[in-house]
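As structure tokens, here come the structures.
Next come two complexes built around subunit A: one with subunit B, the other with subunit C.
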Partner chain A sequence: MKKILLALGLALSVALPALAQAREVTFTTELTDYRGDGAYLALYLTDASGAYQGTLWVAGRKSKYYKHLRGWARGSRLDPAEYDGLTGASITSGRTLKITLDLDDALIDSGYEVRVDTAVEDMRDNRADVAVPLTTGGAGTPVPGRGYVRSFRYDF
Partner chain B sequence: MKTRSVIVSLAVLCLSAPVLADDDCDDPVTDWQPREHLRQKLEAEGWTIYRIKVDDGCYEVKGLAPEGFGAEASFAPATLELMELEREDDDEDEEDDEDEDNGEYGYRDNRGDGQARDKAQTNRPVPHNGIVKGRPTVTVE
Partner chain C sequence: MLRKLHGLPGLIAAVFLVTLAVTGAILALAPALDRAGAVVPPAGEISVARMAGRVVANYPGTEQIVRDLSGQVVVYYSRDGQAGADLVNPVTGERLGAYQPSAFFVWIRDLHRSFLLDTPGRMMAGISAALMLLVCLSGMALLARRSGGWGALMRPLAGTGSKRVHAEIARLAVLGLLLSALTGSFLSAQRFGLIPEVADPGPGFPAEVSGGQPRPVDQLQALSEVDLNDLRELVFPYPDDPRDVYSLTTSGGSGFIDQASGELLQFQPRSTGSVVRQWIMRLHTGEGLWWLGLLLGVAALSVPALSVTGAVIWWQRRRSSLQTRDNVAAAEADAIVLVGSEGGATRGFARALQTGLTRAGFRVHCADMNALADSYPVASLLLVLTSTYGDGDAPASAGRFMERLRDFRAGSALKYAVLGFGDRQFPNFCRFALEVDEALAGKGLSQIQPVELIDRCSAARFSEWGSRLGNAIGVPLALSHDPVPPRTFRLELAERADYGQAVQAPTSILRFRLADAGQGWQSWFFRSGRPRLPAFEAGDLLGILPPQGQEARFYSLASSASDGVFEICVRKQPGGLCSGYLHGLQPGDCVEAFIRRNPGFRPVTGAVPVILIGAGAGIGPLAGFIRKNTARNPMYLYWGGRSEDSDFLYQPELGHYLEDRRLTGLSTAFSRSDEKAYVQDRLRQDQTALRQMIDTGAQVLVCGGRDMAAGVKQVFEEILQPLRLEVEDLRAQGRYLEDVY
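The block that comes next holds the complex of A and B.
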């Protein structure tokens, strides 16, 4: 009995902090009617100085086009380990992409930024189409993009 | 002295330009053959051509290879040399096919096939980049 309680205690001591540290965040990216092919997007985190920290999502299946997501490509070095399990189809003009994922609590209010790079075939590439600090205060506030992103927001 | 610096800078710029270019093919445009030549060459080899377009400095061909599989291939526009060939009907290329089904960059999930989307999300590997925990949920509206 004591052993079971000990095992349970150990399991909880491992599981509870992990649960407490993760926060569910939804990133909503609405595209403009840019009248082109499907857009490739990379959502990623940087520190306050703009240095790449990690990938949140990549929209667009063909890795040969990833180089056009220039800021993200440079930061991630296009290492598949950075984006495995975090890719989906490209997003067509005027549509809205919603990604919900669990992020470490320590990334919020700690000087990190969410950036979105965008690219469309035969149209210009937008490095940091969106760049917003990841803060509790900024949650729920839509911000406009500079390129194909009409608005971007995140919610906890 | 200034003139010399400018000349040196220009020379360095000219020399570095080809190195900086990220196109997959770098044939000079003056040497390009018409895409009709490529079409005739490939059709003679047994290809069925759906379309030929220019992508990253190469001719990109979509069609059926002589062996009968769907293919996307890149050719050097001057020499018409094969640069890259991707099969498009393999299971492992299923993800790419999703793009192709709805145009080059289309989004199949938009057509309301919720089951396909759920399956795709379940089959997706768990991310391991240290930032995202668990599989993300993705929707397009």
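The block that comes next holds the complex of A and C.
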């Protein structure tokens, strides 16, 4: 499990005592048995209109394949500064990725969305395999994905 | 050194290489299978815009369209919140079937890439590919050395058994194997960062888009300019996002397309590094090059056969290496046996000589020729047994002999004899043995007896040499060594046809069949219990073991295994032990026999003429070749006998073959007829025609006695002179073959 303080460039949160307003959030992504090589995943935040806000996690170590995580690649412009220190191994068929991050309170119930893009070698790319609003009410509720994700949920 | 470089990596990696090769051969089918299922319109007929329009009409939720190098078009779509993928016909946009990469091929590919062991397995596969490269290169160098130079690589190969099979298969497959090994090594080296990978991040996302009303995909200008066959991938914009764009990848590069204006944005041509890498990938997988894939697959299938024959060769060499218990130190020995051997066959003879000499009371030291000492203080005998390698070179264990001989100090008591081993099919038969003999004489050593040359490991000639040597040094010396103890089977004489009684040349055509072959259904039922017959063809040798444990004698076979009989033609030699024995057989009598392959004596197949020349019983294998010439290739037979009335062997059959054109022309000569002609005379008469045929690539096969073969060779030297060719030139090209007894 990784604990990473996520600063999403919100000037306000920097000005205030940060820790008091951070919350520990766990993201659980379970994959289907899609029968292929290890999947690359990008978990990221967008605003209500779908515009990229920041990277939560990238599973998969070879950056040359990152362009297949299309929505995230477009938003992050594949700038290494966007995902530095937020990468890990790719996830094999049927396994679960669980990450815990410290998120700013201001991001919750404010219209932000969590998205998951997925890609597997020689198989389709899924932009927004999962797209779910980040709300207090939605916490703990699994949602199904469209592609390689069987279910996704976040817990505070 | 070269041999170790070939053998060791081969042995170590054999299991991995066989796995890589078999899985590779299976994967090689994929491009051809994909191509067979793909719809590929001619270039310039269908644009990407048109294709995409038709696909979208059938798949409103299209997210991505991918065209692979085989021409298959896959659409990835979303319907009712579920993702799907279908193969589509790019012309009509209709569904061909669900797209699901075959689980079997995926498994085979993982086995091929990584032995199912992920990163460590990938590393092993990469190392195996590098070893394969080493084995291919060292093998080519070995084959070139063996055939007598790089230019001789494509000539027919001499030799027999595993070595020949190994060389023949390798020669056919080596280019395919080299390509697979080279590209595989490259891809693996790049995977592990040994070769830097050119980063190809692709174009950056456009900062500005027009943001207007999106047009239907078939009305986008940029897409209508791209031919379907150049498409790699088209990714659709996210639904209802006017700021998103199409991403397009073609064979030339990649870029984006504004969904409102239809303009191509930020197009970036593919980098050279990426093009090179993709080509190496294609040359390895055959993707989009289905014919290359199949060729590489067939080449890969040779690897199991090469591994097995290679291991057999290695084992034979190891078994015959020098390991004798009664070896005496060089300084104390009174008889020295030195061995020059490449494949190890000569060592067996050396061991037999050592045993014979030891039994006769000598203290024997046996060693490689390369281990020649500076002097042998107490020795009185120096016996050198050597083969010749390739084009007259020293074999492996004698490469440094000549150099060491310069520093050799021979005692005055030391006498020597040289025994050469070779194969008369090679142009420089026993050349190295002759050179060694001269060099030893040049050192002032006295010769016990003249150099003797043994053709194809003849056990009989070896024991004759032994008894002459025994006479010369005054001790009885009984040498017996048969290189490979043959597995014999019992043959029953089925029928015989006798000729030549009236002209004092009794010759019989003998037809044998397997003695234990049962009749009727029992023989089918109990088939597995019977001894299995080896495969044989006309031109191979039938070894007959005469009674009372005499040495085997060899007769050329006139029939093939498919004829179901063993047919030989035997002239009764005055005082001949085995021929007398055979001539005494009556139908129903049995003999012990075995097959010795003789693949070096075969007619070529194809349109070039084959000139068959024989005398007396030498017609046997030639008649067999004609009988098998059902393709009606041009074949001419020159044959000499004594009298048309008495010993015209195969007369009715030959007439029949002329009629059905299996035999193109027949010319006979009879020495006891009125004209007293020999086969050489007939050749001289036809010399213009023969010269013309040789000029068009004809092959000559001679079978008969030694004197007749020498006479025929002389005539051919005359015939070839105007062409500025010699018999040796033809022999080196496999176009002048002799089977002489």
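To be clear about the criterion, the second predicted complex is superposed on the first by the 140 of 156 C-alpha atoms of A that agree within 3 Å, B and C clash if a C-alpha of one lies under 4 Å from a C-alpha of the other, contacts with A are read in each partner's own complex, and residues count from 1 in each chain.
Going forward, a residue touches a chain if its C-beta (ideal position, glycine included) is under 8 Å from a C-beta of that chain, and two chains touch if they have at least 3 such contacts.
Bear in mind the structure is a predicted one, so any value in this text is a computation, not a measurement.
**Student:** Check the residue A:Gly88 against both partner chains and state whether it touches subunit B (first), subunit C (second), both, or neither.
**Tutor:** Touch partner of A:Gly88: subunit B, not subunit C.
**Student:** Once chain A of both complexes is superposed, is A:Lys98 in touch with subunit B (first), subunit C (second), both, or neither?
**Tutor:** first
**Student:** Scan A:Met123 for contacts with subunit B and subunit C and give back first, second, both or neither.
**Tutor:** In the superposition, A:Met123 touches subunit C alone.
**Student:** Which partner reaches more residues of subunit A, subunit B or subunit C?
**Tutor:** Ranking subunit B and subunit C by residues of subunit A touched puts B first.
**Student:** So, does A:Lys67 touch the first partner subunit B, the second partner subunit C, both, or neither?
**Tutor:** The answer is both, since A:Lys67 touches subunit B and subunit C.
**Student:** Just subunit B (first), just subunit C (second), both, or neither: which does A:Arg35 touch?
**Tutor:** Only subunit C is touched by A:Arg35; subunit B is not.
**Student:** Touch check for A:Thr135: first (subunit B), second (subunit C), both, or neither?
**Tutor:** neither
**Student:** Classify the contacts of A:Gly147 with the two partner chains as first (subunit B alone), second (subunit C alone), both, or neither.
**Tutor:** second
**Student:** Examine A:Arg77 and indicate which partner it touches, taking first as subunit B and second as subunit C; both and neither are also allowed.
**Tutor:** The answer is second: A:Arg77 touches subunit C but not subunit B.
**Student:** Can you give me the overlap between the subunit B contact set and the subunit C contact set on subunit A?
**Tutor:** 64, 67
**Student:** Which of the residues in subunit C end up touching subunit A in this complex?
**Tutor:** For subunit C paired with subunit A, touching residues are 63-64, 76, 78, 81-83, 85, 101, 103, 106, 197, 199-202, 204-205, 235, 238, 241, 244, 247.
**Student:** In the complex, go through subunit A and note every residue touching subunit B.
**Tutor:** Checking each residue of subunit A against subunit B gives 22, 37-40, 45, 53-57, 60-62, 64, 67, 81-92, 95-104, 107, 120-121.
**Student:** Please output the residues of subunit A touching subunit C within their complex, sorted ascending.
**Tutor:** Contact set of subunit A toward subunit C: 35-36, 50, 64, 67, 70-71, 73-74, 77-78, 122-129, 146-147.
**Student:** Using the touch definition up top, name the residues of subunit B that touch subunit A in the complex.
**Tutor:** Per the stated touch rule, the residues are 22, 24, 55, 95-96, 98-99, 103-110, 120, 124-141.
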